[in-house]
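Pasting the structures here.
Here come two complexes built around chain A, the first alongside chain B, the second alongside chain C.
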Partner chain A sequence: MDLDKQIAEVIETSNSEFLAQCYELDAVPAFGSLVKTRSRDCQIYALVCASGTHSIEQGRRIVARGQGAASPAEVFKAHPQLAKLLCSDFRALVVGHDRGGVIREYLPPSPAGIYAFVYACKPEEVRLFTGSLDFLDLLIDSRLPAATDEVIAAFLRFASLTHEAPQEFLVKAGKGLAWLLSNDIRRLDSLLKRLRI
Partner chain B sequence: MIVSPWMPWYTKNSKTMTLDISQVYGQVEAMAGDLKASQADYGRRLDVALDTLKTAGSAQDELRKKIDAARTTWLVAGLKEAMGLKKPADKCPDDYAVAASDGSHIDVDRHHSVRLFLLNIGLVYLQYGSRPDAEFSTLPSLYFGDERLYIRSDDGRQSPVEGSLLGMKRNVEECRCLADRVCAMPAGLPVVGLIDGSLIMWGLVGQRYEDFVIRHLLDEGMLKQLDRFHALNRERKAAVASYISFPRSADVVNALRLQLCPYNPVDCDKYCAGKFEGRACDVVGGLPDRDIFSRLLSDGERSAVFYSHSSIIERYGPHKVCFFYVRLDDEIARIEVPLWVADSSELLEMVHALVVEQCRKGFGYPVALSEAHEQAVVTGADRTQFWDVVERVMLEGNIGADISLKQRSKKIRWI
Partner chain C sequence: MTDEIKNERRLGTVISGSLTQGVQVKLDPAKSVEDIAVGRYVAIRGEKKRFFGMITDISLEAVDPRALVMPPDISDPFIAEVVSGTTTFGKLRVLPMQTISAAAGGGEGPQPAKTVPAHFSQVELASQADVESVFGKEDARRFYIGTPLDMETKICLDMVELVKRSNGVFGKSGTGKTFLTRMLLIGMMQKSKSTSLIFDMHNEYGWEGTSEKEHKVKGLKQLFPGSVAVFSLDESYDKRRKVKSDFTVKIGWDEIEPEDIQMLRYVLNLTEAAVQAVYELAKEFTDEKWLEQTLQAFDSDSSVLVEKLKIHEGTWRNLRRGLRQLTRFKFLVRHAPEDTVKTILEYISSGKSVVLQFGGYDDIAAYVLVANLLTRRIYNQWREKVDRALAEESKQPDQLVITIEEAHRFLNPEIASQTIFGKIAREMRKYRVTILVIDQRPSGIDEEVMSQLGTKIICLLDNEKDVDAVLTGVAGKSELKAVLSKLESKQQALIFGHALPMPVVVKIREYGSAESYKTLGPLHGGTPRVNADKLDDLWT
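== the complex of A and B ==
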């Protein structure tokens, strides 16, 4: 994936999350990955917490077309209009922002701009963002479309791979979670189990 | 209606002031009873029609002469191929394209002080084969000002474009947009342009439109666009066709009526004036063509090609409309093509093959037309929004945008 190329565009936005429509079908960023976009005054970082592909128009139901076809690609070839009638989008949870070169792991003053371009973050940006784990505080209490702990674990696994010592990063993150979830051992246990790469 | 105990008493006792379906129910039941009683008779008429078709097939030249000499009160199909012909669809070319257009409009509203109408043309281009591609577009055009709101003659007569004239204007624009798109295609790729409905401008038939109106809509309108499709054949195989789903036409059944008629030459006014039943030809009366071809054709097969003998067709020249029926699953569709398509077996079979393939891809209806409709449709909500925008922009420009009190009372419902 060309990381300098925009992958999607914000089509619904609020202070805490945004919905972005991808330019290419099925080209959604990985669940739990870090993406960036812009508000009017800063760069916003957000976690992909849900994604999917559906009909571009509400009320037009997608029907199965592949009976007898060798592959889904063949279905698209036989029905070229499908690529124009379907779209992929993803919801991203805002976890921080960069203003004047300083990363802040709390919500930005203004939401992502509508139609703002969305980019996948480069490994060094992910590493930089996860230098501090303050964003975990924001995540723990979030109500997300997917199970919150699945998103947290997916992001930590994704981020760990950008660090020189992934295991060390995950241990550090685990300790941070233990502090935040000290009153909920069952949840902590379940989350830690999901951190294994 | 669900009556909640929390609803106020007057809601519980309320009676809707619109259509009372319970009053209609009995009438619907009576209608169903009548239809059931006539089913046996319908079956008999269908059998006679199919037998007559077989007989007519063996004496086709005689029937052709009889049709040419007949003076009838109905529209009778002309015979171009053997009447009982049925033909399976050819294989589609490896690479081809289908383009389709459809339209909607917002008519002139006499309750608004601003006179205008809007045409919204939906256009779809689908390319199949080694380089599959799809392109959708919507082309809305606002018509305002006397020059665009009226069809004018050189000597100062004019006719307002509204109601059925607007419908025909829309058909012309659908055809023009389709021709524009097809002309812009890469050379060499075979293409069929599909239009929803009929190529015959039925609105001009039987109406007393002045010649300048007919010239504007037909000669300089629809036929000019058909010329463009025809001209494309210099560089590729290009055909145009219109698709009529669940057709009500009875041109072929009417040809069978002539076969059954004991008089030769047939002259309805002379021999059967004022009669609506009991005539020899009434044994097949009331049947639509689709019922015959539904029995005759198998899935994907087409019927013979027939000429339309509508009076307006005389003006069509090389685009004289021909038609055939095609069976698609459980439906019979009528496909109309200009004469130059019907005369070329290559183009004719391409239209047949591509229409069948389009219907297979579109669950019984050509996928390109279905998507063109989706692009063109103007919903009730769109209409309301359109007029709101017109009123707002006019007000912002300090231009009066009055609406009638009748229209106002519909917008603000009061008790």
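== the complex of A and C ==
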């Protein structure tokens, strides 16, 4: 994947999250990965917290077409119009922004722009963003379509691989979570269990 | 937190506390409680002042008590690592003792802490500079006695202050009291203008001592040949050891007074009535031959004498059994050829310290008898000398420090008010004589005497009563008790009192290696310090 090329476009936006539609079917960024886009005045970082593929027209259901075919690819070959009728999109949770080269791990002053391009973050960017763990504060209380803790764990696992010492990073992040969840040991325990790579 | 101490020494932050109880410090997650030890020094960066204190307790805490009932799954090493320091954390209690001026370069020196550092002040292990600013550097009056726990900094005692009062070295057997005392005596010779008289029961101070590994270690005479004299009670011991002492001490029966026997009551197992009889006998025989005559009376028919003095038969037997024990001491003669007291005083006045070795008589009866008898008479003459100097407004003699071991034999509550040592301890520095007491059982020493001791150096004690005795009346007693009980069994001591600004746990300086002797001799090329006073003027 060419990381300098946009992968999607914002089609629904608010201060805390946005929905982006991908240019290619099934080419959604990984669950829990970090993406970036722009608002009027800054660059926005967001976490992929839900994604899927569905029909473009609401109310128009997709029907199964592959009976007897050797693979799903054959189905697309036989019905080229399908690619136009379907789309993949993902929801991303805003976790911080960058204004004038300073990363801040809280919500930006303005939401992601509509039609703004969305890019996958490069490993170096992920490493920089996770240099501080203040974003955990924002994450731990958010209500998400998928289980919040799944997103947190997925992101931390993903981010750890961009650090020189992944295990050390996970311990540090774990300690941050332990502080935030000091009154909920059960949740902490299950979250920590999901941090193992 | 830009001011965060980003160094290895950082320990944690102050979370609560009080001046009397000490402040609570939450340990940083990265620090393990297992790396911390009570007794260690810490510095606290308050808002305006830098505090200097000591760790007095360490505890384990949990943010949420439920975490302790339902702990996270710590069988997983990852989870265990995460929760340590966060969900559960270590807590230290720190007693702030001194404030050091925060401004670099000092200002006024360290002051006793009168307040506590503010909330969330940062706590770090004390640095070398912190320790030095509190205890002072090794200098003309400060003697390096050892290092604080886990630090290389030198802790120094102000020897000039030290000798002005009576002091104590306590600890159970084998904890290093003798090694420590030897070092203190060296410190006194190096850094204070004082002379010592040492009653050396086990022959450890004079020419040489032995370490536990049976190595010989140098005694004071070897290190200060010019300013130490070894007196001996036992020539045969000297011969066996092939050393020559400066003077052989003989004591005449005619020098022993009834008071001396009274002091021996417990060691000789005398009854109260027997002691009473001693006074009667002395009165009866009128002159100084009373003891000799009494001993003769034991061998002959004494019924007339006993009848006359109305001494009970059982008492007489008790007295005979007791006093006859003295006859095995060969240093006791009818009449001493030379005046020991006068000789000792001559040496002392010329600035020489005297070690009186007991040789083969390492027997408590001999020790109590000789130490009491000599000290009483030395003290009386010394006192006259000081009084005379006062009256004539001439130069006062230097401080005299008398060292005794087994101090509870001289200073137990029953006799402390009567013995010469009790008197010296109480009269303090008035007459420029102080005592250095060494004992394994401080609970046996009279409370008042204990309270008069200026500086106490305490090695490990395991008896509760002894611990209480040494800490009576000391601020922060319960904290110090915790520290005391954790001392190592050797070569570590808690020191507090006049000679230093705050209590300190010290790993006592090594004694006995060739390296150690290099700095333990005379400071100025080995010439003995001799008083300008002419001996003859003083003692005639």
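Everything that follows uses one rule, which is that the second predicted complex is superposed on the first by the 197 of 197 C-alpha atoms of A that agree within 3 Å, B and C clash if a C-alpha of one lies under 4 Å from a C-alpha of the other, contacts with A are read in each partner's own complex, and residues count from 1 in each chain.
Here is the rule we use: a residue touches a chain if its C-beta (ideal position, glycine included) is under 8 Å from a C-beta of that chain, and two chains touch if they have at least 3 such contacts.
Since the model is a prediction, treat every value here as computed from it, not as a measurement.
Participant: With the two structures overlaid on chain A, would chain B and chain C clash, or do they fit side by side?
Facilitator: Overlaying the two structures gives chain B and chain C room side by side.
Participant: Let me test your reading of the model: by the given contact rule, A:Lys84 touches which partner, first (chain B), second (chain C), both or neither?
Facilitator: So A:Lys84 only meets chain B here.
Participant: Counting only touches as set out at the top, which of chain B and chain C does A:Ile114 meet: first, second, both, neither?
Facilitator: A:Ile114 sits against neither chain B nor chain C.
Participant: On the A-aligned overlay, A:Phe76 touches which partner chain: chain B = first, chain C = second, or both, or neither?
Facilitator: first
Participant: Give the label of whichever partner, chain B or chain C, reaches more residues of chain A.
Facilitator: For chain A, the partner with the higher number of touched residues is C.
Participant: Using only C-alpha centres after the superposition, what angle do chain B and chain C make about chain A, to the nearest 10 degrees?
Facilitator: Taking chain A as the apex, chain B and chain C sit 170 degrees apart.
Participant: Please indicate which partner A:Ala147 is in contact with in the superposed arrangement: first for chain B, second for chain C, both, or neither.
Facilitator: Touch partners of A:Ala147: none, neither chain B nor chain C.
Participant: Using only C-alpha atoms, work out how near chain B sits to chain C after the chain A superposition, in angstrom.
Facilitator: In this superposition, no C-alpha atom of chain B lies closer than 49 Å to one of chain C.
Participant: Please report the chain A residues shared by its interface with chain B and its interface with chain C.
Facilitator: none
Participant: Within the complex, which stretch of chain A touches chain B?
Facilitator: Within the complex, chain A contacts chain B at residues 57, 60, 63, 76-85.
Participant: Note which residues of chain C are touching chain A in the complex, please.
Facilitator: Those in contact with chain A are residues 29, 63-64, 66-67, 70-73, 76, 78-79, 81-83, 85-87.
Participant: For a test of understanding, state which residues of chain A touch chain C in their complex under the given definition.
Facilitator: 167, 170-171, 174-175, 177-179, 182-183, 185-186, 188-189, 192-193, 195-196
Participant: Which part of chain B faces chain A closely enough to touch in the complex?
Facilitator: 124, 126-128, 132-136, 361, 363, 367, 371, 374
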